[in-house]
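Look for chain A in each of the two complexes below; its partner is chain B in the first and chain C in the second.
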Partner chain A sequence: MTTQSHRNWKRVLTPWLFIAPILILNVVIILGPSLASVYYSLTDWSGVGRPTWIGLANFERILSDPVYHIALINNLKWTLIFLTVPVAMGLLGAALLAPIERGQMFFRVAYFIPYVIASVVNAQIWRSLLHPLKGIGPWLARHGIPFLNVAFLGKESTALYTVAFIDNWHWWGFLVVVYLAAMQSVSISLYEAARLDGASRWQEFWHVTLPGIRPTLVFTLLMTIIWSFLVFDYIYVLTEGGPAHASEVLATEVFNAAFGRFEVGYAAAVGLTMSLFCAVFVGIFVTLRRRGWEI
Partner chain B sequence: MQCKDIWIALLVTCLLLVACGGGATPAAPSPPTSAPEEEPSEAPAPTDETPDEPVTITWWTEPILKSNREAFLTHIVDSFNAAHPDIVLEVLFIADLDRVTRTAVQGGEGPDIIQSPGPAFVMDYVEAGHVLPLDDYAGQYSWAEAIYPWAMDVGRVDGTLYSLPLTYETMVLFYNATLFDQMGWEVPVTSAELETLAQAASDAGLLPFAQSNASWKAANEWFVTIFYNNYAGSQAVYEALTGQRRWDDPLFVEAIQLLKEYMDNGWFSGSRENYYTLQHADIWGALGDGVAAMQMTGTWGFLHARTYFEDTGNEWGWATLPPLREGAQPDYALGIGSSLSINAGTSNPDAVAEVLDWLYNDPQRIARLASDIGGGEFVVPVRIAREDFPPDTDPRLIEALMAFSATFEEGRYGYTTWTFWPPVTEQYIISGMEQVWNGEITPEEYCAEQQRLFEEDMAAGNVPPIPVRR
Partner chain C sequence: MNSSRRRSRRAASLAPNYIILSLLVLFSLGPLLVMGFNSLKDNAEIARNPLGPPREGLNWENFPAAWEAGEYSVSLRNSAVIVAGTVVGVCLVAGMAAYALAKLDLPGADALTLYFLAGTSLPMQLFLVPLYFLWAKLGLVDNPLGLIIIYVALFSSFATFLLRSYMVAIPTDFEDAARIDGASDWQVFSRVIVPLTWPGFLTAGLVTGLWAWNEFLFAVTFLHKPEVMTVTISYYNFAGRYGRDWGLTSAASLIMILPVVVLFLSLQRQFIKGLTEGGLKT
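Presenting the complex of A and B:
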């Protein structure tokens, strides 16, 4: 019995010992500061000195802060864009690439390269391409094609969508590679059976491919939602949330509050709301899974 | 099985030790530097070194253009180290200096010399007890004899000296002198002349003012500074900063309305969209090439003028910004580029004070540095005579420094937003102005919101010391 108990104890303990290092790191680097953020969100703090307890005042301010509302709406727009455009492009690219045997690797690498380039570098490349005097638009205008001669990053109506376009350019190739890998795990016999039943390419895609890659697809959709609420780098590099908050998102507002206005407590509160939104979507996902949805 | 268990336990223990130990832990965090060619070095924590060993003093400062770094290191760092064998001054160039410094200082570390963006930013350190009073050192080194009184005044919090300006600056008008000669234009000295000239440049297909905020979003506040001081008048600004006048006073509202008109007329780089997208090199290049006529910017522009007019065949000039309203009486707006304080956590405050004294005790050294750098940075606020400058100094730089330093010493100055406004109000000045430009809010609403925020800041004690005008 003692030997059996010892074996059982080892079976339970051993996995925990293996994950202990990363768990400790996680607690120290992530959980600890996260809990500290909750505390600071309830204070008025400049980042230097001692914080002053103010309770829920920061959250009350969020409810009436017009910049926060603008940022939240922009995050929702960003989420909508990235749930559709790059996903559709990724699925299309992967579907077109899947049957290709010779040269497939070339396209996979070509689509993936923007993803591995640093965001700052990507942003600078596109800033140059979209330069209002020396970019593609003015060049085309000089050759009789004027409709792109627009300072896209400088117009309130186009700034957010232009940054989204640039971020999408870097992102969609990653989705192609991910979806392609998922598609290649779908059994060929399913496609053969579908063709025998007279299915078209589109019907094969809709009834065989998509269900076959559903777990991967749902995972990327979920991560897209989460990352959309955390988006920061491209927006900060290209527009810093301007002009006039036109491309402001919650993350840039957190940055401005913490390091521009030295309202670290308020920044922590805004950051917590970002976490809350992400938690809601994760919760929906988990709930649906538990209810038996095949996602 | 037992042997296997032992190996597993050993492996896990090693992983735990690696995770928890992390190798040699530096005494202070290594901040990122902006200069890739610089070898990353750690900022050493204050140590109790024996009297025989030199004391190391660390100073984190902003990145300097490579072309100016040698001058700074030669005139300041190397000369100090050569003259003080008992002290080693170590300088690190750090991007996002203020953010990195605040984080380090709050964590109990940070450099011995704390460099902050100005007096408004020092107040937080004072409140938290992170900086030392400097009055005793001021007496010991007789700083009041060398440093301008206003420079000492702006560093006082509740009457105690906590910081000294590292560089002071003001707003001026740069112009393409060659273009002006070709077009027969005169340097404007009134508001009407300035606007007439701007329209003439626009009609000629030129950019009246080469301005943008793409490289520095906070550039918006340069123009608010100019229009507040040069339209409403420096006295009105002083009164508002001290609570004697409201920011939604008609004078300020009209100033903002005029600034909006300048933008609506396309006088800032041709369009609002260009203003938001053209980079620093674009606007200075435009001015240097004669595509733009003028630029309203700070005296740090002397360095850029030198750079961007080189090899163009064009000459540049500078001028005092004219009053923007008949009857307005503006003075040069006083700006502090950055301030220096002694970290309360340093174990060598006397050595730090010696470094500070070195920065202010030799007018000729300061003049040489200003000449070499081009007047953009490290214009320390000490009395410099014309003859202190090296013979090869650009006379335009000398004239500018002599002009505004003289008026500052007389107690006649305006006020820059980044020096004298509290942080929250200042940030609204920057972001809110864009909403005025795009018509989202009116100048009245902008000024009213500024008044509301300023009242909150004032009640919280966040307004920095405002030097009295004479």
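Presenting the complex of A and C:
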């Protein structure tokens, strides 16, 4: 009897022992601190000493803070850029690559390489290329092409777009590979039918390829939106959000508030709004899907 | 005759594809090529010839100089420790979790899967700041172990999903046979399931290793002392100090990316498969 219950007990307990390490790590690293963020967002805290409860004051400050507004608008610009430019380049590359047999592997690998290189290195490569005294710009100017001789990263009007260009340079090739894999699983008979109907290459792409890869395409668009609200590495490394907050985004503002100005409570509040934006977009996506939108 | 003519017509119709695709290769690899060229020039030559291959002889001096200035002998060792610790930790933690979710009778397995999925899409900025002050209290800031624990927690969800998909494909006969021979659950896991799903562990290990090697946000937040810095952080500091020295930074970049690029080129199938399945997260 006792051995029987002992064995039952063991059968119930064993699965939990196997899953315990990941659960504990998850609670300690992600869930616990995330909940703590909710508490800190309602306090004034410098990181040392005791947090002072200030209610919703941090959120009131967010509503009126000009830097927060710039950062949010930059995140929205970033989202629009990354929903269009790399997706178009990824689709173009994949569509051109799909019918090719010879060398397909070479092109795939060549486009993918920047994606596996660390952001700090990619950023430095482009910082050198775009250097206002030693880069391509002044070199081209000496050879009669003056209009690229601009301090792209140092000017308020171009800083954000230049960082986006560099981030996109390392990202679009990844999308080529993802879209190519999706395109290769579209049934060939659909293409043959389209060809029999006399469809042009463009019509084929628009009416067969795009609908065929729609689940993958929609998923990458959703991830792009979420990830555009979290972007940090390239901006922090290349401009630290400058000049004069021209390329500030919410993630750099969290970092600067917490570790530069020691406004930990305010940083937690900004971080919380970032999560809310992501949750809203995922919510919209899930609702549209439930309503029967085929996305 | 007929088929070769068809093939040549087909090749001709694909010519525009090859031209555009080659231009895209130039865009993708051109900057890396320039970096390779410039690592072999001195600064006087870079000023005259910033883009082309070195014409005034190969200048290897940038490499030892970058090795010294970037403190690579310290940071490469730190990164190796952190990458190895992360890969081992992720394979162990995620392997066990995947086994429980795929093979054991775990009540609430679906709810847990959903929880891990939600956890992977939480912004890191949400928990980064409180985690830093918790880690500071526990003495885990400026401590490689502290960063390994964080990386294992961050990357294990992805690896769990990946490994679970490998494990559900294994017929139960294998486990049943081992159980009849008196094997415990741990022995079934370590001696039957892991050997049968090792390609999954290889993919998960490669991807988490790459992420740990390249990771910036947590490394720059949790490591400040020079003696614990990883390659990304020592490179970042180095680029801040010597950013104007194009030859030197190019050599430092090459030192840092060489292990990654060599490993990627030799195991690119596993890398691409793992990264396209899990990489949409980062």
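Heads up, the rule we're going with is that the second predicted complex is superposed on the first by the 270 of 295 C-alpha atoms of A that agree within 3 Å, B and C clash if a C-alpha of one lies under 4 Å from a C-alpha of the other, contacts with A are read in each partner's own complex, and residues count from 1 in each chain.
One rule holds in what follows: a contact is a pair of C-beta atoms (placed from the backbone, for glycine too) under 8 Å apart; a residue touches a chain by one contact, two chains touch by 3 or more.
Everything quoted here is computed from the prediction, not taken from an experiment.
Contact with chain B, but none with chain C, is seen for A:G242 once the two complexes are overlaid on the shared chain. In the superposition on chain A, contact of A:S119 is made with chain C only, not with chain B. Shared-chain residue A:E156: touches chain B; no touch with chain C. Using the contact criterion defined above for the overlaid structures, shared-chain residue A:P132 touches chain B, although it does not reach chain C.
Looking at the shared chain after the overlay, A:G283 reaches neither chain B nor chain C. Residue contacts after overlaying the shared chain place A:A251 against chain C, while chain B stays out of touching range. Of the two partner chains placed around the shared chain by superposition, chain B and chain C are both touched by A:F18.
Once chain A of one complex is fitted onto chain A of the other, the partner contacts of A:P211 are absent, as it touches neither chain B nor chain C.
More chain A residues lie in contact with C than with the other chain of the pair chain B and chain C. Using the contact criterion defined above for the overlaid structures, shared-chain residue A:G260 touches chain B, although it does not reach chain C. Touching of chain A by both chain B and chain C, each in its own complex, is seen for residues 14, 18, 21-22, 25, 47, 127, 131, 259. Contacts from chain A toward chain C in the complex involve residues 11, 14-16, 18-19, 21-23, 25-26, 28-34, 36-37, 40, 47, 89, 92-93, 96-97, 99-100, 103, 107-121, 123-129, 131, 134-136, 139, 169, 173-174, 177-178, 181, 219-220, 223, 226-227, 229-230, 232-233, 236-237, 250-251, 254-255, 258-259, 264, 267-268, 270-272, 274-275, 278, 282.
Residues of chain C touching chain A in their complex: 14, 17-18, 20-21, 24-25, 27-29, 31-32, 34-35, 38, 46-47, 50-51, 92-94, 96-97, 99-101, 104-106, 112, 115-116, 119, 121-134, 149-150, 152-154, 156-157, 160, 185, 189, 210, 213-214, 216-217, 220-221, 231-232, 235-236, 239, 243-244, 246, 249-250, 253, 256-257, 260-261, 264-265, 268, 271-272, 275-276, 279-282. Only residues 10, 14, 17-18, 20-22, 24-25, 46-50, 67, 127, 130-133, 150-151, 153-156, 239-240, 242-245, 256, 259-263 of chain A touch chain B when the two sit together in their complex. By the touch rule above, chain B contacts chain A in their complex via residues 5, 8-9, 12, 15-16, 18-20, 98-99, 102-103, 105-106, 124-125, 127-130, 213-214, 217, 271-279, 282, 423-424, 427, 431, 434-435, 437-438, 440.
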